[in-house]
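Shared between the two complexes below is subunit A, which pairs with subunit B and subunit C, respectively.
So, the complex of A and B:
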């Protein structure tokens, strides 16, 4: 049975205690909302990849860790900031350049938010401006 | 460049403001003011810790992080590098600055040594905050024997 690749992306920012600070899904245009099952599966895959992220972190000197894990047809890619915050991306169509640019831009955006004295480090990012900008960056880098 | 002076003026005002309204400069009030200054410095340090290290995830050891503090952080905030860094390789580091910019305008020598700690509280918090963003719990204390030289002692707490 041929599984068609859905071309959607799931992005999550994990804090120091493995708590999700922010998550968003990017679906290519024209796709219907996926069933709820897939959403829980995405969270499960992202958390399961964390051990591998930590392992790769010690082996490599880079911030961007490329592909860390593979689950069925989903690839997991990670980006670790200097404060050990982890950005995890799940996707099934390989698009490394776009993902790397996306991570860098979201990191710049995150730094601007972290500098805000009203933001508690590790708390959920609930700003609608951040959400809007991340979705815009996602459309620009991932779904083009 | 005016940038250096702006921060120095702001800092002087912060200290003056926190010390002014105390009619009774007893130890309790002073401690509170010191801890307010330290926590302001801590939050600034946390933000700087996120923002300054550009692509340098090469912080393999504590020593690299301390070197980053002495070079990049000090240059960014005070426009000069720390003069010396010593360690006992067991988590204690002594950072020495022989002409600390916030103390230079005050005096040179033994005058005002008792007043110096309140001008250093913000910087202690700054170091502590930056270390905490980079993943290290620490305790920072200062000692001044003669202005404008001062020493910051950083003890990294093992988890």
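So, the complex of A and C:
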């Protein structure tokens, strides 16, 4: 699995049963859609990283856990919310600050959606507005 | 410098030698010595920067310490066995366990702490041994030295693995994961494919050891993929499959579909689906299509909610491809290594939302005889009625339904299903799964449209024996996969009970009638469920035969039959018996064997009110002929009313529209209670209902009724204005009268001479019934009875020759009090006898001129009271037939004695008479008018009581 560094990001919010609540990928401009296999690999890596997230959780005072895992060229950073929702970011170029800001902003955004009485915690976030705003935050913090 | 080099070289040799001696000591089981040697070696080598050997010496030190601390080994039992001969420390640990025990009884250790079980601390302190923390530090150091050498990758990896095992025992998983993280990136050159697989497997196992199941699964899958990498000439699909199976727990996936019924989905569905697809593919390449089918069914069943429409199509497509060669079964699949794959019933294809056992149709539903019902009730509670319903939890669970199924009859279960697929779903062999009673399920095939919404499906079967049957579930074949879906395992299924009693077989009765079936259904308020409806159109007063054919279409003989009828409430007043039948002839053919037929004739008589509606009555009576003062001396003359001519031309059409409202409806339900066979023995019967819808069209109307006195006081003329409301020519006939022809819409008067009635005899029969009724009701009943009597005397019939239909007409509804009084025979019966001859009719009594004629007035009192005394005056007169009456007859008629008679008071049912004599002086026709004298007549008696016949006497010349 050797890839040239591309600066792409894969972000996923995972619920209490390791179930994805939200998934999004950020690719640098001009890069073609990745093939299916690659997409699955992201998911597998993010899933495997959960073990480390759950362990790191107890060792850190912060909810932002920095880099918890890496596999091949991928780094995995995590952010665990108070309700134990796990934000996982896969990326191949180190960009600590951007990711930290992105996590914080997405958390703000998530809280706004979670207070909606019609949103059942832990269920998939299907709001197009949420999706649009996360993509905007991704562009702002990650791809700029 | 040379000396320095030489000393340096000497130290290096010494250090390496010490390390070697340490190894040998360790192999020989002399742990103490080895520790000492390793320590010395480390010190010597550290000073000369011989890093590779330093690392080795450190590792030796760690190994020896580990043997002290963890005499049981670090790998666990299975691990130790597998690595026999390849792993030195593990082997050494095994071999030196006795040595370690020797250490345990070291006197120094005993003296300090008594029998302290914490031996590791003792050992560490007493014998140059590393503490647990130190072991890890030293491993770290060793690994860092190894990493300086590119060729030392293998030993670096080995050191990592060992360190992880120690950390695993110490439950320091985070640090262990750091070691493993490092181990992943150790670059090993020219590894064979098998070695690569082994490396990933070991990594996976180590992650498992430190409790990182997801990481472990990840590497296990990488190993599995490695088994079938394109670079391998002979892909190991079997190994791949086995490794993939081992990854499933790490992805929260089990292969038992029941685990997916418990609430929310666990795990990452996309990842799980990917794994299942890989399992399917691997098992196919292994050449085990049954496994592929099982995994694919599992994927479809458990991941249905996460599949996109396109994926659903693809998965079912490939499932159908697989099952065409190897159909999916409900059997447990056992893998060679003992793992079993439970069956996957398709409970979501289709999704069943509601299961309802249906009672038999109303006509086939068994009923329990009343006499036996009592036993059931008394068994439950000593009270006849209690407001507290005994809620028994056990009973509720039983879910027994309060209707019965019958052995040998087709029973139905209704399922509400829907198809979650974006395409048409074909379900084959859908049948019921039952227990308790031998049951023949009749499977059905259905085709559900894409995303159908709730769709009712009825599954049927025939119970072959009696007892209690439980519907456990259903069976389907979808995409070539056989599924047995049990209701208990279904999520969100509403069921209103699934247990039903099956009672012994009963016969089945089929009814067909001579009348056409009707689309009319009786009003729902009727309560009974009607299986068949027939309808008939009758003219008011018409009678028609209804032939009912009873056929036993069941398998049991029909032994008993009871027929009852219920006339649905109507605002119309019905005269006479609406329905009439004789069951005896039919019952003579019983018992009716299966396939045999019997008939029953029922006569339907529709006799409604013949009086006309208010509007019509007004319409017809506006020609101003007064009834009371009708001056006709001969009532036989028919008066053709000028109605037809007077009506405007459009009237017939207009009246036809109005006629629709004249159409009246009578409805009745015929109930056939029947039983036979074993069910009869058990006290069950069936009830078949036949709905009868009768539309009554008006035939004739009596628009007006009046009376005219006849010449005899015992008779009277009943005048009826008959109106033909049909569109056909109609004839009306009454008793002794000729037929009267009426054209459509014509009205004619009809006079019928009737004997007056003595009603007093009738009401006696009502005495008992009327006792409790109020006077008004009593009066009504009395009037009804009178109407019936009059009607039977009149016997009016109508006939429509063009339709060949006929019927009766009844005046019952239109006789008012006045008419009745006229028709009633006066309770005081007056008889006038002239010369001993009764004078009543028109016939004149002949008597000779010159001779006194005896005149007798006789009174019979039929009233219940005493009447009289009366004074009567006889007034003779002559009628000139031109309206002039000559009362001045002193010269022609003379009385012998007084012209006034006196009658004494007459007791009830008594008789009294008074006598006088007349002398006619001339011949001629004379009339005698007998009058009551003013004042003597009792005012309280009705005038009709004093109706005396007028006497016509013809005085004839004396015969020569």
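Here is the rule we use: the second predicted complex is superposed on the first by the 141 of 144 C-alpha atoms of A that agree within 3 Å, B and C clash if a C-alpha of one lies under 4 Å from a C-alpha of the other, contacts with A are read in each partner's own complex, and residues count from 1 in each chain.
Please note the rule applied: a residue touches a chain if its C-beta (ideal position, glycine included) is under 8 Å from a C-beta of that chain, and two chains touch if they have at least 3 such contacts.
Source: prediction; values computed, not measured.
When both complexes are overlaid on chain A, the residue A:70 reaches subunit C alone and has no touch with subunit B. Legend: residue contacts after superposition of the two complexes on their common chain; A:48 is shown touching subunit C, with no touch to subunit B. Subunit A is touched at more residues by one of its partners, and among subunit B and subunit C that partner is C. Contact with subunit B, but none with subunit C, is seen for A:84 once the two complexes are overlaid on the shared chain. Legend: residue contacts after superposition of the two complexes on their common chain; A:56 is shown touching subunit C, with no touch to subunit B. In the superposition on chain A, contact is made by A:117 with subunit B only, not with subunit C.
In the superposition on chain A, none of the residues of subunit A is touched both by subunit B in one structure and by subunit C in the other. If you check the complex, the residues on subunit B that touch subunit A are 43, 46-47, 49-51, 53, 55-59, 133-135. Touching subunit A in their complex are the following residues of subunit C: 173-174, 177, 181, 184, 207, 211-215, 217-219, 221, 251-252, 264-271, 274. Those residues of subunit A that touch subunit B in the shared complex are 61-63, 80-84, 110-111, 114-115, 117, 121. By the touch criterion given at the top, residues 14, 17-20, 40, 43-45, 47-48, 50-52, 55-56, 59, 69-71, 122 of subunit A touch subunit C in their complex.
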